[in-house]
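Labels A, B, C, D and E are assigned to the chains in the order they are written; within every chain, residues are numbered from 1.
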Amino acid sequence: MSGVTLKNAIKRYGETQVIHGIDLTIDHGEFCVFVGPSGCGKSTLLRMIAGLEETTDGVIEIGSRDVTRADPAERGIAMVFQTYALYPHMTVAENMGFGLKMNGVAKAEITERVGEASRILKLDDYLERKPKALSGGQRQRVAIGRAIVRGPEVFLFDEPLSNLDAELRVDMRVEIARLHKEIGATMIYVTHDQVEAMTLADKIVVLRAGVIEQVGSPLGLYNDPDNKFVAGFIGSPSMNFMEAVVEGAGVRIPALDDMIVATDVALPAAGQPVTIGVRPQNITLSAGDGTTTLGLREHLGGVAYDYLDTKTGERVIVESRGESEVKSGAPVKVSFAAEDAMFFDAKTEARLR
Amino acid sequence: MAVTDTGTQSKQSWLKRNKLTVTPWVFLAPALCFFAIYVVIPIFESLWLSLYEWNGLYDADGNSTAVWVGFDNYVKLWGDPKFWTSLVNNVIWLVMFMLAVPAGLFIALFLNQSVPGMRLYKSLFFFPFVISQVVVGLIFGWFYNPDFGVVGSLWKAVYCEETVNIVGNLTFRCSAPVPDILSSETWATYGIILAGLWPQIAYCMILYLTGLNNVASDQIEAARLDGAKGWKMLWYVVLPQLRPATFIAVVVTVIGALRSFDMVAIMTGGGPGEGSTNVLAYYMYETAISEYGERYGYGSAIATVLFAIMLVYISYFLHRMYQDEKGGH
Amino acid sequence: GDLVINFDDLNPGPKQGFEDAVELFKSENPDINVIVNINDREAHKTAIRNFLTADAPDVTSWYPGNRMAPFVDAGLFQPVDDVWEENGFNEDLAAIKPTMSRDGKIWGVPYSYYQWGVYYRKDIFDKLELAEPTTWDELIAACGTMKEAGVTPFTIGTKFLWTAAGVFDYINLRTNGYDVHNDLTAGKIKYTDERIVQTFKNWEQMIGECGFVDNHASMSWQDAIAPFSNGDAAMYVMGNFAVDGFINAGLTEEQIDFFQFPEITPGMARAEEAPADAFFIPANAKNVEDAKKFLAFVARADVQSQWNKTIGQLPVNAKSEISDNKFIQEGFATVSTAAGLAQFYDRDAPAAMAKAGMEGFQKFMIDPSTMMEVLERLDEVQAEVYE
Amino acid sequence: MFPRPIEKSSPARRVGYQAFLPVALLIWLLPLLAIFLTSIRSAVDINSGNVFGWPSQFRMLENYTAVFTQSDAAKYMLNSVLITVPSVAISVTLACLAGYALAIYRFRVALPLFFLFVAGNFIPFQILMVPVRDMSVQSGLYNTIAGQFLFHAAFQTGFCTLFMRNFIKALPFELIESARVEGVKEWRIFVFVVLPLVRPAIAALAVLIFTFVWNDFFWANVLTQGEAVKPITAGVRALNGQFVNNWHLVSAASLMAAVPPVMMFFLMQKHFIAGLTLGAVK
Amino acid sequence: MSGVTLKNAIKRYGETQVIHGIDLTIDHGEFCVFVGPSGCGKSTLLRMIAGLEETTDGVIEIGSRDVTRADPAERGIAMVFQTYALYPHMTVAENMGFGLKMNGVAKAEITERVGEASRILKLDDYLERKPKALSGGQRQRVAIGRAIVRGPEVFLFDEPLSNLDAELRVDMRVEIARLHKEIGATMIYVTHDQVEAMTLADKIVVLRAGVIEQVGSPLGLYNDPDNKFVAGFIGSPSMNFMEAVVEGAGVRIPALDDMIVATDVALPAAGQPVTIGVRPQNITLSAGDGTTTLGLREHLGGVAYDYLDTKTGERVIVESRGESEVKSGAPVKVSFAAEDAMFFDAKTEARLR
């Protein structure tokens, strides 16, 4: 069993605290993704698990061993870096076998295990090449191969795909998903790419400023975010947020010509401000006569994004399929099902349920 | 009229059309002129002069007194033991000087830490390189001096006792004679090289310190995960990344070794004995223009040999550079 | 007009002597604007080769004998027979005339020469009750006494080589005489000639039974004064210019004295080292007229008297007065009674030979067992240089 | 990056390291320190063999003043300045122009010409000695300040060009293209776009060349005679002859000769090191 | 009038030909986007128009002037580089005014024109800053400002947004669209980003290996590609292609259990191979019993991508909305409307119509 457990993990650089007491349990075999805006501490947290950054306080356990102060090499982990960090002067085979060689594994066994990994990753033809002679995707595969070869209990990935171009990224994403299925090891994966997070994760950890905002399955987070931050962060294009005012059993939305949306969530007192959120997919447009007009329309073939100009200046994006008769610049009517709307406290940004 | 028209037009447009061809030459001209006059042409003159015998004098009318001797100078070189001594010394310089590379690396590794005041330490360590070789030569010459120098003083402190001599002055009676490094045919060359190593190590150190700055941290981290430590880390991961620094360190060290002149001139003047610390650079100077020299043709022949040796390195360097250029574009 | 003079000695005494003379010359010739370049001696030796063609002064100091030969041969000096003629130098400077001549012409005017010999610490000799040795055996015996008393007999600094040549010259002159010296430096005798070998054997004996200070190869001649002045060494084979250095090092004239290098081969006519310093007029001199005036001036008896008094050397002009300094007196006695005057090894031999020879001497002094190796090597060089 | 940051190891090691640093430095600079101590000793100390111990008297001011009053050291220093400054100015100027041409324009001989400069930078300068000296003599440049700085400027141009060319080459080429699209003339691109951008390189080169030329000894010997135009390096050697047995004065003079490059290094350290490594490694 | 016309434009680097006789007309005021895979010659073509690369052969006209051999400065163009190419030692105002200053325009006029451009681009507050002190988007705006100031007839953009992060890219995209509307100048824009091409262009030029594959409006290309390359290149996720065999008035698709699709396009003779293409959006899935199974399913919240494993090994991607009951690994039935399918010659890859 080799899950990873963090108990009140804290990281300080001198005075500045970067990670604020993270408690987290990742089960054996789970694929856990850390997401969050740039600088929120994803990499730091991952590197603390790897042992590349010292943990200022708290405990990190891998399996049942406390590894908080252990050497990186002793933690039974392998890491794939964003930059791949391949040794440029070694061939692919040497790169993959380096860790074993350093640990005194016999030559024959190294060859065998490298062969195994290269088979899994379809790298057989490149074993004698230097990294320079490989494409980005191949390098990435070598980096993963190097991790696999050592047979670690936990794989750590730090934005492994962000240096690849869009197409390759999709392929490698699928590859990593397959790999996880095949090996079944615990994987912790840092990304800022939503799609990767949504498609790969068993469990997503949303971080903000060194604090966990929410932990859950991808669809769990998408469908049932705990707060405005998570709601806005998960889903693409991101959720539209508008200011609203509580009125009776619903809210009034000034941006949409004081449209009233009824809801049965626990709203604050009448007259209080709340934030309402609706996903672009859940909005439909029709010709209208209010103050909301259709700004720019972006056609992407199968789907189009309409940018609405509202009277309050809040921008609303609507995803639509198929052709629409509404012309750019014309007034539109916005409608959505009340159950598709989410409500958030205007101050704390917590979800109102 | 039409003919002249097109004529002037094509004239104007020639300059214009070839603007990008002509401009670089305008920019290059001054440097090229200077360089040609002082460097390129003299090289060939030297090669040519090595085929003459000349005592460097012009007669009162300014005509050279040189006499064509063909390859005689080279034939003489072949049979000249001082030339061979110099050549062997140059080889010793080359080999010993190479110590500067690992030594520089070692110091660089030692200093590659961030503690308060490190910048100052680093620059103080670099100090010897900035100082003129003449000064370094004087310093070490004095350092080695058996009577007044540090070596002498230390030796006296250990092996000698202070007594009073016949006229009542203080003197030293030593159980073993003070080593006189610069007067020993065996050790003088090494003494000079040691002095030369001092600034050279500092140079290599700086090169390596900069190289270490650029070592990819992700590779180091990957290697740490791979369990590489200490020497293994250095050998397998760090050194390969320091290859450019090593290359340059070797190049400048080779050049330094082959160019060694100042130190020899200052510390021993080629002596003791029959040029036992001579090197080609100094022997050439000595032969051509020192007090007992006046053999310009012969000196040029020595310079030519030195040039030929250096040419091997220059070619290698240019080859490397050419590869880089090709790769870069 | 301008009269440019290049002079070759920065040491305080010689510099003073020269400058005084120049002042006197100026006051006698107020219309001449004298411009003086004084250089370190070693630097001057290098520089002269260029300035004679490129940037010729009107007068330059240089040395007679073989040292002036290349310049004379290349036509870079002007003959000054007329100066000699007009001023009666042919008589007054007769002793030096042969070395100033080449190809039947006279090329310069000497202003000074000086004796070589053995300077010693009189106080030490007195303490050890030693007398000035006159023969080789006496010298060796004296050395024994000194060594017993913990005194190194000889000091020397061979870093710049020529000091060793002085010792060689003397042993050679005393062993084989003036003619062999001349034949050797003229390339007529091989270094492996048994006579020269004998010289070296005597030298070897001197090194072994007398002995020189340690570390002489890393000392200049000035450095070598230190053990002498400190009383660690008692004798110094040197030219008279060294007396200045002795005095500067804190010795008094009473503490030092001079004796002629002792006899080795009994009955051998006594020749001495007595290098002369001279002035020459470059062929490209611009102001030849004033240059000749200056040459005539420096050889004048009164000028030489005064000048040599200042620098503690011997005037060449026979009509000059000699200072009452004891070294000068003794030196004059030595030189004027000598059977022959040698310039110096490195002035009598061609440059390339001199260089190789002196290197050999130094090597030999460091390790006498290399004697034959050194001599054979010198034969090779000789064969090449005099071809 | 390597070895492991000392702040991550145990406090004992850290303290040990910090304590050892000055010791190591002391050993490393021992020769320099010794000569400095000598330079502030009195003659008495020197003669009594007190070379290593604590000076019995501190004679710093006296000794250094003596160097200037008893010799031509001041003149040598001035000569060095007069030689070094124009050398730096000329070689850097030429190299900026040439480097620009070699970096920006694509023409067939650009690379061979560049290599010519690089090769010239590495040759043993003994091969130039006789012809250059001879040429200087013939042209009246022998034994002049100009003769020295012209040569240094020309010789250093090789290195400077290597350096500037690589530096300019590393500038984004789009900057030049952009200016061309805007209709800026070539020489104005050089003046207004390139020159301001290579200022750091110019500074780096200037200090580096300053040190090289200042410390030159060989050419001072080859191209001068006498004291009139001799730079300090050669001067120090002459002083060595003059101050026989006055090691305290020789030491003081030697240190004086080293002061300007050392000052230069300290003031412009960043540029200096950048110059060394960039020029060399690139 | 300042359209751009290329007539048989050719570019050779030594032996290798990079641009193979391009004929293209871009109308005055048109927004033309060059797309194509990396290395296809987009930048080269743009730089030929700019005059930064010599045109080996052919003619380039701007307006009605032949500028094939003209200096860049004389072509009346302005270019915005991917790297912005701002002069780091000049302030924003100086950067924008540099070209004018060098061409001897009076100070007052420079100030005025820079002011005008900075107003359009909302750069007024930054005029005195150096580029270093600007964010990526602001730098990009300065680069555009520098182009505007000179009042060129034609704007050239070489991947101007590719150095910006995703969010900023969207904003700047909108900005450029607005700018084009406002200035109305001819613009030529190189990108490899589909979305940019689709949303900005009046006319898209699809390049492959130095040859134009198709020219047309964004939706024109999406809906009516001329060949398989364009069909696959335009649209995201890209079109699914499967081998098919002509049978009667339709084709049989081996990958989908020999499903028959009827069509009235001009097919080759029966038994001949063709390629059929269907966009992921146009396919619907239902539980089935054939050999096609649902492989990986990627949930992105609003939309999910299903990766189908077919018996021939061809991979088919299906975009679906809402929840689907089909489980990963289960056999599925694939269906799509016959009119949504496109047919391509198996050899020439030309569209069959």
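The definition used in the following text is that a contact is a pair of C-beta atoms (placed from the backbone, for glycine too) under 8 Å apart; a residue touches a chain by one contact, two chains touch by 3 or more.
Keep in mind the model is a prediction, meaning the values are calculated, not measured.
K.L.:
Have a look and report which chain pair racks up the highest count of C-beta pairs in contact.
P.N.:
The chain pair with the largest number of C-beta contacts is B-D.
K.L.:
Can you tell me which chain lies farthest from chain E, using the average of the Cα atoms as each chain's centre?
P.N.:
The most distant chain relative to chain E turns out to be C.
K.L.:
As a test of understanding: of all chains, whose mean C-alpha position lies farthest from that of chain A?
P.N.:
C
K.L.:
Return the distance between the CA-based centres of chain A and chain E, expressed in whole Å.
P.N.:
Computed value for the inter-centroid distance: 28 Å.
K.L.:
Centroid from C-alpha atoms only, then distance chain D to chain E, rounded to Å. What do you get?
P.N.:
55
K.L.:
Any chance you could list the residues of chain A touching two or more other chains?
P.N.:
none
K.L.:
Give the residues of chain B that touch two or more other chains, as numbers and ranges in rising order.
P.N.:
Within chain B, residues 56, 62, 216, 237, 289 contact more than one other chain.
K.L.:
Could you list the positions in chain C whose residues touch two or more of the other chains?
P.N.:
Residue numbers touching two or more other chains: 42, 46, 53, 223, 226.
K.L.:
Mind pulling up the chain E residues that touch chain D in the complex?
P.N.:
50-52, 71-74, 77-79, 81, 83, 85, 87-89, 98-99, 102-103, 146, 150
K.L.:
Can you name the residues of chain D that touch chain B in the complex?
P.N.:
Residue list for chain D touching chain B: 1-3, 5-7, 14, 17-18, 21, 24-25, 28-32, 34-35, 38, 46, 48-49, 51-52, 90, 94-95, 97-98, 100-102, 104-105, 107, 110-111, 113, 115-120, 122-135, 138, 150-151, 153-155, 157-158, 161, 186-187, 190, 211, 214-215, 217-218, 221-222, 233-234, 236-237, 240, 247, 250-251, 254-255, 257-258, 261-262, 264-266, 269, 273, 276-277, 280-281.
K.L.:
Considering only the defined contacts, which chain B positions touch chain C in the complex?
P.N.:
Interface residues on chain B, with respect to chain C: 55-60, 62, 65, 76, 81, 144-147, 163, 165-169, 171, 173, 177-178, 180, 182-185, 269, 271-276, 289-295.
K.L.:
Using the touch definition from the top, list the residues of chain B that touch chain D in their complex.
P.N.:
Counting only chain B, the residues touching chain D are 19-21, 23-28, 30-32, 34-35, 37-43, 45-46, 49, 56, 62, 107, 109-110, 112-115, 121, 123-128, 130-136, 138-140, 142-143, 148-150, 152-154, 156-157, 170, 172, 198, 203, 206-207, 210-213, 215-217, 220, 230, 233-234, 237-238, 244-245, 248, 251-252, 255, 258-259, 261-262, 265-266, 280-281, 284-285, 288-289, 296, 299-300, 302-304, 306-307, 310, 313-314, 317-318, 321-322, 325.
K.L.:
Which stretch or stretches of chain C touch chain B in the complex?
P.N.:
Those residues of chain C that touch chain B are 42, 45-46, 49, 52-53, 70-71, 74-76, 121, 123-124, 127-128, 149-151, 158-161, 214-219, 223, 226, 230-232, 283-284, 346, 351-352, 354-356, 359-360, 362-363, 366-367, 374, 377, 384.
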